[in-house]
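Dropping a structure here in structure tokens format, bear with me for questions.
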């Protein structure tokens, strides 16, 4: 197996997907934003405020997914059918879980789009809370699951063992 | 202390920096991309290929830093004086260390720009190697250091204790 | 009927169009820019100048239509087959009429693209004339007509009654 | 007085602001989105939902303000100090009022940025509710007030007479 | 034959491609960057440096191809299947040859994308070397070959005569 | 003298301009688009049509100048004070001359912005006429003149000898 983004001479290129068949594809990515207990509490306090911080992060993630091909040099432009970003407070772990799901019918996978959505949602959360908690850290940013294409159904090994 | 991106009613806004004085500012952010030993070896094998994978990631990070205000909704547009992205292979830990440094003379800090550069460099690394190692994970994405502005010199607590 | 951009919990999301069939679609939007009689006269005076102001507005509208999904957070990215923007002076009413028409073969309607094209053409007109007439006002920005998709042919009620 | 965006031959150009002094500037723009009484009621019903629709529109407006120079061909790129977008339900008039305020210290006014923010917020509102009320119309999109620069304080004539 | 981007009244428009059939298309464009012998030597000296300058230019060209529709007002947005940019040193002529190849399955040709990729790669080369050789010149930027669509196979006349 | 975009290890970086003083700067770039005599004639025929083709190219060039830092990876973001693009038919040589001039007060030169404006104007001209003359070629794309900064006044050697 080879690094498909490098040609025979090791030069970067955008892989030719002209001969690939379009299929229904889906990818899920996730990340955790760790913070101080008080920071999370402050986000959760009050109805509006919670809605707002999470909504801004969600919108930022959705918009970023649409611009993945501009950010990642060798990504193909795609037309996403759906982007969904969910933020869940996990107060017992002093962190927020972020999950992004992308779907499309196309020739290439959408894991980069899902990763980009999750990442930018996490960075937006950081941005909104950095004045009170600059040491916030983003952990375990990864693709959890892919469906469609040649590979079929793939789950991150860490998740597979967790469930079994 | 309050979440400065939320006004009295908890509604998101872009903070007014009109009265802040411009000062020299710098921020450093970092992340680690964990992978299989063979993936890292493959990146390192051969002169060109290594140069290439790391160069593409570095360029992607630099370009992303310039577009931070488009990605993060409440970030102010800024004119960066410098962006620097460094990738270092750490084969003993089967990971790559990414460090991004941004500098400018301005009214707001540049930690979001440094975080964005480090993140997009990491995602680009993932993109280029995902065919051989889809389980790669990005860890400990955080701001390490900030200089300038009202806060003066700030270092991430985890790093301070490490060095002392 | 529900607001399709809000899920069961009222959280914003980009609607899944994966199961929708692609069809030929078209949308027309319009707006009027009201101004002083002398402003309109100045635009109309001389061959080049008229061509120029209207051409710049037309080009701006066409380019904006292509970027609708970047501006409107929950819009799907689409590949427009055609964008057409027309500006017509209506000196008797001291205003300019702007009409934008978008076409594509796709899973979602193109009314947001048509609205965006008409709007940005109107804003560009304002920008070019604001030094002489800052009180210019944009009125009745709306979708006039849609074709294709599940809804079939839709016309704005105000227009239907006008014609009948 | 001449149309400053046209040179002696009537050709479009980006006006030279090199000799203008930087000053504190502010501009306020507004628009109204008219809709059916039930549409507005649906937006207002429930805590989250209201917050959400208005928050998404607010974020879209803020982000668009930062990209004004990309949308309006002859606008100068600027570094905004602040963008603020407010949406207010006016149920008695079956409409939503949108007001956008932009501030910066610079060589050119920020009325195009305020107009762009108000417009894109209005279009986003339309996008989120168009499935239930496609006949929604945007009215009276205009600059209400400008501060700073050579002109000093300017108010839209319609507003001046209203208040006096 | 008429200029297809102008309608009957000579007004610019984005041509309607709704009725065109999608087909496999390819286009190749090229350019030469002329420079001083020492500039080219400096680029070629050392392994990393060469890789780097050419890699940055290649990446810039690939990324620009994806944004062609944003840069060229009347271009249709497309989803490229492949972009390839190659830089070849021609020391005997004190110049670098740049060739860009784009492929897609779509309704419109991809020559503008290939030209944009070649151009931006050339400009990036200029940018990286301008401190030592500001007189560098880009020559013979042109489409060499097109495949697919109604026209079938087209080669630039200058190239046809060269080979025959 | 060294290639300033490569650090000691030959890795690409965005040069630090933090210590450079801001000064008034200007750059002029040019290019020629060669075409068939009939193509140029067709552009020149009729008042509107000429205005239109040249206006669209001019607007495209101005807009591209503002996005130079997005296209050229190691360019600094800047705030242009002025962009001017001029197209002149040279029927005796069957070509169009394009000249772009950029001005700003800043820490870095604006030659990349001027080159980008001239290039994108040329590509737009190609795009609008390619259906009738696909063999059109862009020649002698270069910086003609720079003012400001450490270097002071620089003219392209070819131009200096021409005039003297």
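Labels for the chains are A, B, C, D, E and F, by order of writing; each one numbers its residues from 1.
Note that in this section a residue touches a chain if its C-beta (ideal position, glycine included) is under 8 Å from a C-beta of that chain, and two chains touch if they have at least 3 such contacts.
It should be emphasised that the depicted structure is a prediction, and the values quoted were computed from it without experimental measurement.
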item	value
Shortest chain-hopping distance from chain B out to chain E	1
Starting at chain B, fewest touch steps before arriving at chain C	2
Between chain C and its twin chain D, rotation from the CA superposition, multiple of 5 degrees	180
Option reproducing the contacts of B-E, where over half of them reappear, out of C-D, B-D or A-D	A-D
Chain F against chain E, contact positions shared by both copies (same if over half, else different)	same
Longest centre-to-centre distance from chain A, chain (CA-based)	F
Distance-maximising chain from chain B - centres being C-alpha averages	C
Rounded Å distance between chain B and chain F, as computed from the means of their C-alpha atoms	33
Centre-of-Cα separation between chain F and chain A, whole angstrom	38
Per-residue multi-chain contacts in chain A, two or more chains	11-12, 48, 51-52, 55-56, 59-60, 63, 67, 70, 73-74, 78-79
Graph class of chain-chain contacts, one of line, ring, star, complete, other	other
Contacting chain pairs - touch in the sense defined above	A-B, A-C, A-D, A-E, B-D, B-E, B-F, C-D, C-E, C-F, D-F, E-F
Contact set on chain E toward chain B in their complex	47-48, 51-52, 55-56, 59-60, 63
Touching residues on chain C, where the partner in the complex is chain D	1-6, 9-12, 31, 42-43, 46, 48-49, 52-53, 55-56, 59-60, 63-64, 67, 70-75, 111-112, 115-116, 119-120, 122-124, 126-132, 134-143, 146, 154, 156-158
Chain F to chain D touching residues, read off their complex	24, 55, 58-59, 62-63, 66-67, 78-84, 86, 103-105
Residues of chain C defined as touching chain A within the complex	11-18, 69-70, 73-74, 76-79, 107
